[in-house]
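Just so it is clear, A, B and C label the chains in written order, and each chain counts residues from 1 on its own.
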Amino acid sequence: MSTIPVGMTLGELAVRFGCTLKGDPDARVSHVATLEGADSAALTFLANPRYRRFLSQTKAGVVVLEPKFADECKGAALLTSNPYAAYARMAALLHPAPSVPAGVHATAIVAATATVDATASIGPRAVIEDNVVIGPRAVIGAGCVVMRDSHIGADTRLVANVTLCHGVKLGERCVLHPGVVIGADGFGLAPDQGQWIKVPQVGSVSIGNDVEIGANTTVDRGAIEDTLIGDGVKLDNQIQIAHNVQIGAHTVVAGCTGISGSAVIGQRCMIGGMVGIAGHLSICDDVVLTGTSFVSGSIHKPGYYSSGLPIDETSRFRKNVARFHHLDELAREVRRLGRRLETDAHGTDEDPA
Amino acid sequence: MSTIPVGMTLGELAVRFGCTLKGDPDARVSHVATLEGADSAALTFLANPRYRRFLSQTKAGVVVLEPKFADECKGAALLTSNPYAAYARMAALLHPAPSVPAGVHATAIVAATATVDATASIGPRAVIEDNVVIGPRAVIGAGCVVMRDSHIGADTRLVANVTLCHGVKLGERCVLHPGVVIGADGFGLAPDQGQWIKVPQVGSVSIGNDVEIGANTTVDRGAIEDTLIGDGVKLDNQIQIAHNVQIGAHTVVAGCTGISGSAVIGQRCMIGGMVGIAGHLSICDDVVLTGTSFVSGSIHKPGYYSSGLPIDETSRFRKNVARFHHLDELAREVRRLGRRLETDAHGTDEDPA
Amino acid sequence: MSTIPVGMTLGELAVRFGCTLKGDPDARVSHVATLEGADSAALTFLANPRYRRFLSQTKAGVVVLEPKFADECKGAALLTSNPYAAYARMAALLHPAPSVPAGVHATAIVAATATVDATASIGPRAVIEDNVVIGPRAVIGAGCVVMRDSHIGADTRLVANVTLCHGVKLGERCVLHPGVVIGADGFGLAPDQGQWIKVPQVGSVSIGNDVEIGANTTVDRGAIEDTLIGDGVKLDNQIQIAHNVQIGAHTVVAGCTGISGSAVIGQRCMIGGMVGIAGHLSICDDVVLTGTSFVSGSIHKPGYYSSGLPIDETSRFRKNVARFHHLDELAREVRRLGRRLETDAHGTDEDPA
């Protein structure tokens, strides 16, 4: 009785992902690992130069890396100009997600007017309301609630305990992690005689293809028109996207960031963690915002922007803060001193004595 | 067979909401739209002067706006001193929420000791524990968990997947969006020999009438007495309210803000997004905190307060930050220079030569 | 018919918790209260000197406090060097959590391959997937989802609507509050030709004993190896812990804080609220970060660190910010003035006149 070989040969990997192989094409790897933690059946990679020091010591079966580092790697290597992307694709092959059986779980509640593709999977305790449409191979995990009139594209997955409010449109191949809420009412309030009147939020949310949304992130429905998330956008955990925000294609946003109402974000932006973006402004394409930045006005030029003040020892920080609170006065004093020196100098120059 | 006319006539709207009508009272509008996106069956409004440039071009059936802008609007207009509030009320009329049938869904789990009003609606998979009281016309959406001894007032709605821990009290006409958690334990820890002992959180949470709480916002139960949220308070998404916070009536808080334990916030405050408020302090009535402010001490005077540092290009920002970390030294140097100039001057003045 | 006395006698409390009693050992207390709100059946405490002014007026049955304040307390007192820790233990005794019946609720869904200890409790609508192991006396609350291959230690409690993704390991005596998500995919993306490729997250999350995790907090699974949370760590609400973060034993983190990928945090650190910590850095043991700090590099020395800029009146703040954005120029100007004064002085000194 023969055993089925696990994993992939290095030769197969090289051919499939267009890499140059240094080493035995018949050697096999079965799983991924870090440079430090790898054994001889592991595939690993070098992308961040920070970890280059581990290269000469690794016991990995093969390392995916740039050709320029090939000599530093004693074992087998798969050479490519973009090792991180190649690694990502190889890892997906070595560690496929378990297949989910198609069909509706006995404890799911699916409205008679909903249209669920026969190849889709509806998990235990999921609730699918009226007129919802769920596409081929979509997976709705345990405890998800999909409210009336929502559309979910092919191959999209709601992991578990996700809530889609009514009329939300999700594209294809999206992943929404647990605790995500899409389409809750935007924060629309009209002041009236010392109180706040709720402004009905009659828009919805439209999300493109290949979008990933991290755990407990929220995207509010539009006040009148829709909140828009473009194709290929990736949102990390705990992000808040307010009503009528627009995020351009292939923009990525790190955790804990908040984007206020009607902000328009361009394509291919990289927005760091815990960034705050004010409302009713626009950010052009290809802007990078470093972590904890605060954006209070529009950005019209691609580039790197920051305002996160890094830590100092508390005692020293407090002294500097005290000075900061009088910085305008300090600047005026410096100007005054400058003028005085100038006057003194001129006085001396002009002194006829 | 006659058709039932949809929407409302402009005459009905003018009378009902006390506006002055400019235009045909028998014309009808059926839905709301933006100034830009409106068609002839749409009602729209002008409140933010930012959008005034769209006024002359709009195709809307009617625009709700201030009398002073009436001449700029070529079509019909409903004139009022507070167009945003009037719009909010009209939009609620044109876009009513679908009615929810009263009664307990077959898959809901309601404890025998719970008291659910006959006009309330308990959705699929909701869990209602012992001694809970649910008032008239309240709506408990799919997947909500309401733990023992909680009280939910009349006309209050838990949209879906909301968790109320034990003994929480919610007033009337509140709306809690998906993922909200009310009454989880506050973060009470006593240090003891290098470890932390949990301090039992025996208080609860008491929430007034007409409160709205955004998706994934959390309000912790009090350590001993209750955390208190006043009437008409509006909380956006992803907010954290710690144990024993008190928030005065009609205060609004934007997304991602965190309020630490035992902070007491006044009435009618407007707290921006991603604001951090330290514990054990008080903020008086009518305070406005702009986005990403950090409040480390009490505020005793109404007004506008800020500390959100706005972005700059990263390279320039870093240079300024490096200087900030020596700001105290810089200020001392300026003082030294000033004294020196003074001495030199006095030296000159006093110079008997 | 005799009544069963409620609560505890002061004598019992003194003996059990090693306090010195000042007062009647047979007097009883039945519940806890604040110094201000206490009645004669209440136990209260003084730990924060801020509340010392209430000590002379309290009507409490007994006050737990340090011996040095004993004279200021007119009624009974339990004297101890750590009154807050002693109070925490006494409160747990006076206010025990209600017992949860062992067994699986009729509406829970437990996979045939899962191992649930007979003394554990699985609540209504909970979903327990394949190969999950749940230890003695563990409590899985309503609506929780525990995915395949996860392990939950003895006496650990998932309050309600908690999501554990596959393969997560939780220690003993942990508490996870509602909305917590453990083990969602980390935010791993490889750039490739203007798009982002998902990097499979094949690690998991390992959480020690005695860990408490606040409502709506998220801890992501590792990219390759596991995200690690040490024994006795306490996380408040709305915290984001990214993939491959390591948090040392007995570190506490306040609400809304975000910790980026691969950051390594030491033991016994105290991390304030809304702190942002960048990725791929390390923070040594015994570091205190005050609220809204931003950590962009490693910290090698125990101590207090800050960068949260506190508020000022908005008009004044804006003036200072405008100066901040030219701080480098200001510092150069000050140096120029200093050099000029020096030159002038030297010029004068050296002036042979």
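Throughout what follows, a contact is a pair of C-beta atoms (placed from the backbone, for glycine too) under 8 Å apart; a residue touches a chain by one contact, two chains touch by 3 or more.
In this text, all values refer to a predicted model and were calculated from it rather than measured experimentally.
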**OP:** Rounding to the nearest 5 degrees, give the angle of the rotation that lays the CA atoms of chain A over those of chain C.
**Re:** 120
Original post:
Would the interface of chain A with chain B count as same or different, where same needs over half of all numbers used to appear in both copies?
Top reply: different
Original post:
Distance-wise, how many Å sit between the C-alpha centres of chain A and chain B, to the nearest whole number?
Top reply: 25
**OP:** Provide the list of chain C residues touching at least two other chains, using ranges where the numbers run on.
**Re:** 125, 143, 161, 179, 216, 238, 256, 274, 309-310, 312, 324, 326-327, 330, 334, 337, 341, 344
Original post:
Residues of chain B touching chain C in their complex?
Top reply: 109, 125, 127, 143, 145, 147-148, 161, 163, 165, 179, 181, 184-185, 187-192, 194-200, 202, 216, 218, 220, 224-225, 238, 240, 242, 256, 258, 260, 274, 276, 278, 280, 288-290, 293-297, 299, 303-307, 309-310, 312, 316, 319-320, 322-324, 326-327, 330, 333-334, 337, 340-341, 344
**OP:** Give every residue of chain C touching chain B within the complex, in rising order.
**Re:** 31-34, 37, 47-48, 50, 82, 84-85, 87-89, 91-92, 95, 98, 107, 123-125, 141-143, 159-161, 175, 177-179, 210, 212, 214-216, 232, 234, 236-238, 250, 252, 254-256, 268, 273-274, 291-292, 308-315, 317-318, 321, 324-328, 330-331, 334, 337-338, 341, 344-345
